[in-house]
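Structures for review follow.
In the two assemblies presented below, chain A is common to both, partnered first by chain B and then by chain C.
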Partner chain A sequence: MASLIARSPLAGQAPLVLGRLRLAEGRPGPITSLARLKDRPLDALLEAAGLSFPAPNSMVSTETHRLVWTGRDQAFLFGPPLEGLGAACAATDQSDGWASLLLEGPGAEEALMRLVPLDLRLTAFPQGRTARAPLNHMQAILMRTGPEAFTVLVFRSMAQSAWHEIGTAMRSLAARAAIG
Partner chain B sequence: MRITCPLCGTRDRREFYYYGAEDYLHRPAPDAAPETWDDYLHLRDNPAGETRDLWYHELGCASWLVVTRNTVTHEISAVELVAEVSA
Partner chain C sequence: MRIDGKGLVDRSTRIDFRFDGQALTGFEGDTLASALLANGVKLVGRSFKYHRPRGILTAGSEEPSALVEILEGNQQTPNVRATVQELHEGLVARSQNRWPSLKYDLLAVNDLAAPFLSAGFYYKTFMWPRAFWESLYEPMIRRAAGLGSLSGQHDDAAYEKAYAFCDLLVIGAGPTGLMAALTAARAGADVILADEDARMGGRLLAETAPLDGGPAVDWVERVLAELRSMPNVRLMTRTAVTSVHDDGTYGALERVGLHLAPAADLPRECFWRIVARQAVLAAGALERPIAFANNDRPGVMTASAIRTYLNRYGVAPGRKVTLFANNDEARRTARDLIAAGVSVAAIIDSRPDAAPEDGCRVIAGGTVTDTRGRHALSQISVSHPGGSLTLDTDCLGISGGWNPTLHLTCHLNGRPTWDAGLAAFVPTPGAVPGLIPAGGAKGLFSTAACLADGRRAAVEALGALDLTAPEMALPEAEDAAYTLHPLWAVPGKGRAWLDFANDVTVKDVELAAQESFRSVEHMKRYTTQGMAPDQGKNSNVGALAVLADTTGRGIPETGTTTFRPPFSPVSIAAMGAGGRAEGFAPQRFTTSHRPTVERGAPMIEAGLWYRPSYFPKPGETTWREACDREVRMVRGCVGVSDVSTLGKIDIQGADAARFLDLVYTNTFSTLPVGRVRYGLMLREDGHVLDDGTTARLGEQHYLMTTTTAAAGLVMRHLDFVQQAFCKGWDVRTISVTEAWAQFAIAGPKARALLNSLLDAPLSDFPFMACGAVSVHGTPARLFRISFSGEEGYELAVPARYGEALFRDLVNRAETLGGGPYGMEALNVLRIEKGFITHAEIHGRTTAFDIGMEGMVSAKKDCIGKAAAQRPGLVGPAREQLVGLRPLGDQAPTAGAHLFTLGEEGEARDRSGLCHLGLLVADAGPLAGAGLPAQRPRPQGRDGAAGRPSARHRHPLRGHPSGCA
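And then the complex of A and B:
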């Protein structure tokens, strides 16, 4: 078989720095969707790994893994798949299906709130909070990963659109700041 | 208009897709009378007052919801997960 080259959804895209905000492609690594199945011991398996099934709009992290709530009885596991996962839930590999965008800098929420109809200020959306929410018309997964940092996941096919939309919001904010 | 998803919290109406009357949850038995099936498929009440509809949280958690609302006052009095209503 020919030697294939794996490309990330935004391969070749240089980070966009405007004002104090920086947008870059993230490399989330393996992503596994976990969906609960009746009478399967998912909680015990997660507990053994130091994790627990996250409550809606939140995530649970360890040094090696991050488990993010993504829907009713469903969460995305970031990090190497856990041993025995297939027997404990409906586990599907999502790694190549999503594009990850990292937005960092003071006031990052100002840019995102131009596209997401949620209150993303630190007081309302603190570190560790997540949301399934629209980024304009895109079905995104939002994570507050730091006081001034967000990770946004969109379907891989929408990587360029998401990049363009967030970039446009950043440009508008930078232009406004330049006017004073 | 805002709908409070039982999982995600209060969200804007644009995140939701409207499906129709709650009647869709009450599917007749396969051998039910043709009149029962006709009723299920085609006949709907049009109340001035409380009504129960199915909505889909399309741009959020992808849950199906039963929304109880008042067509006169536009008040939304309850939002439940279909999974729990029909369990």
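And then the complex of A and C:
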């Protein structure tokens, strides 16, 4: 039988390495949105998986899953869909709706703070912090995944614009570094 | 003229540059202004209105006169202040506002016409004939007046925008700012120290008084070295804080690459938004000139600027310098000049009791009454209690006292306070919450006072930040008293300049008052004082003092005009960094973008999306040919179109049905599972918000489709309705637009095409059905809806498979004789069948206007229902959307007007009310030609359904798909 070839939002895009910063497309895997519904056993189901509904601007992680706050009473589950989730809340498959961009290296926040109007310095935006924030004119989900690592999710259709914007910020920083 | 052994410039690094074609040399650390003075260039530009020869007045960002054009590549940057532009190898500068050359400027004739060019002359002279204003006078004035010019090319250089955050922002790195930053940094605060200069130190770089027992520069370097070593400090040189906004947000402009030859990716400028919990304004003070006849001649400059050029750049701006002051400040200049071996002709001190000065003649109670010299100063006239005299001099330093640089404290609409002792405005305490003025910016003018106040301000800020200030001793510094006797303008004949940048003289201000423009705001607008690039920094206080004098009021009563942002010029390119051309907005690409472009389809923007206009075939020369072919293809065979751009909103919960009944005019709670219904949505004001289909995927699960343009709008609307009116309802909404790639498959062979790739052939799948299917093993969703009027389906797969499915669909369609179709064909198809888009529901139409009032259910309430019944929103006075079809072969021209049959000769109906009858073109080849038109019959159905939909009774009605 024929099969459809899957393409990621930034398929074919080689990582961009400038100085000590590296931008690459991420492979977030399955993403499921969940929102509470009345009298549905969401908390019990999450608890069984070692998770809990995250507080605003934060995430809850296990070895297999990461549950990220994404809005009012809404969170995105990264990882294999939990059994019974569809009955336990309002769940939608968001896996294909987002492009994931990984920015890593010392000073990664300097590049992002050219586009995101938030204090992303480690002291203010530590590992495990997340935010819904504009990336220039794009709606984004921002996650601090390491002391020098961010994951940025934007709408799939805007992947190229996001890549261009972050790349431009990186090039600008590299050019600044070159003049000392 | 360089003075050996003086200055902080690096004499070992020579820099070649050009000014007006002349090859000149300067040193590393020079500004264009200091290098020009070192080369003996005094004539730098022509004035705005009278084209008077102008030189360099100041040594800072407040410079009103020395404005030049910088040329690099195809860049031409006008109005660059020579006092700010740093010298770099290969710098090319050009004087502006002159023709044919700086020395022989033909428009200098304006100066002879000065008696006619006084304040308000435009208004008086060019009043009539009225029609001449736009066609003749304005272009003429614009050419004659004005400053630099642009290249006319796109500015495709790199610019940058960025955000920064800190506990304490210190604005200005002079003694006050350095002390404040050091105190706060040692206390552990996150500090940003910003200074507009390339080198930090402020006046300490320009003065000779010792500090901490040694040269002030050494102390500056020690402090900077400590600050640099601290991880909690960020030093931002070349960064002017230009504006204050709410909640401790400051705008700042950094000159990133303007001091260097252009380099790839290096931004010229960066526009910063700095968010600070506390800020210290340590911006210092600006020395103000005194108005006297012909005080604008090249060679006349502020006394402090002479010290800056001498002590910082090692340049003597003249060989025989004279000073004119109403305070002791000018004496420092005289002492420094004499110590450097430069001759000082005299100090003309306007105070009758002025003390004598060692080694220099002092003319007590004297004033300068006139100057002479064609392109540069050569002689001045002096009046004093004993008579008058003339002095030969090539440089005159003036000091009318100092104005604190308090501009930022007024950006939230605060007004400064008049300090009679200083004869200056000082910041009003608390004018900007969290912004603490200190040092010179507060009216403290000795180094010792500034250091102490910088520390005080830091302690205050640290208190607000819950940090403790460390013990620190203040370095020993000069603590001279500041006394002056106000002198704003020397009386006499001749024009005495207040605003050098905009050519405003004392007489202009007096004339304004005489002609009843006595309010300071009126005076400003009548004379244009303070409206040039320097925004009145050099002239504001002087002009209002003259106005106060003329109107017999005090300065506090006269008040001051508003200091608005930006403090110094900010290029639009920096504020709009990255926003040029495609950077203006994000680009949204569908999953079928690559195969579509590969087929040569011209892309058009729809919202932010790029969609194919049409898919050209070999031999087709116009879009119409391709469009017509694609329409015939869909009507006769099968066409494929990407409709992924339509908004898709997933709605779940026990109250989902109830929620849809509230937001749609029609009912969705009765929709069976596995079926789709067309819906109309109103805004709260009763006008149509959007339309589209919603499918019921499960008992408590719906999938709403919106139009492409309104996807975000509808999402926001649903969120609003839910939060505002549906408290406690069990319903959740989320966008799934991007998760699915969705393709319309339309035409008589649509089902054949579908069945060729579905894993199980379609059996019973009626019009407006929906359900799960499988495509090559991939789970998909199928909807039987049509926006073309033909038998139509929309097939949705997870977006990762979008490109593959599109390629497969198109290939299969082509083997059946069909193919892809673009937006042009899509529009023709839907118009032929009378389906609406946002071209019709453009925000001013009601359900009544588009003939859909029957879709507003009488059985239930919905958002906008009550408002839609307001008088004026229904009835015969409303525009009506109707479909028209020309009889015969002639096509109506866009914009054609309509007549009632039999009234062809009557006035054309421009009210917008459409009458059936004759289509008549307004212009073009069909002008005047009657074109019989007919109102078409309803066509609403899926081509295969075989009967008109019972719901659709209007000639233009909702289509059972989500629109374009």
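Following the convention adopted for this analysis, the second predicted complex is superposed on the first by the 178 of 180 C-alpha atoms of A that agree within 3 Å, B and C clash if a C-alpha of one lies under 4 Å from a C-alpha of the other, contacts with A are read in each partner's own complex, and residues count from 1 in each chain.
Note that contacts are C-beta pairs under 8 Å (C-beta built on N, C-alpha and C of every residue); 3 or more make two chains touch, one makes a residue touch a chain.
Worth saying up front: this structure is predicted, and the values here are computed from it rather than measured.
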Item to complete: Go through the superposed model and pick first if A:A133 touches only chain B, second if only chain C, both, or neither.
Response: first
Discussion item. By the touch definition at the top of the document, which applies to A:P56: first (chain B), second (chain C), both, or neither?
Written reply: first
Discussion item. Quick check on the superposed pair: does A:P117 touch chain B, chain C, both, or neither? Answer first, second, both or neither.
Written reply: both
Worksheet item: Hey, what residues of chain A end up touching chain B and chain C alike?
Response: 117-118, 137
Discussion item. Give the list of chain B residues in touch with chain A in this complex.
Written reply: 7-9, 11-12, 14-15, 58-63, 81, 83
Worksheet item: Can you name the residues of chain A that touch chain B in the complex?
Response: 56-57, 70-72, 117-118, 131-134, 137, 139
Worksheet item: Of all residues in chain A, which touch chain C in the complex?
Response: 1-9, 33, 35-38, 73-74, 90, 92-98, 113-114, 116-119, 121, 124, 136-138, 155-162, 165, 168-169, 171-172, 174-176, 178-179
Fill in: Touch list for chain C against partner chain A, complex
158, 160-165, 256-257, 260, 263-267, 273, 275, 578, 585-591, 608-609, 650, 652-654, 730, 732, 734-740, 757, 759, 775-778, 797-805, 808
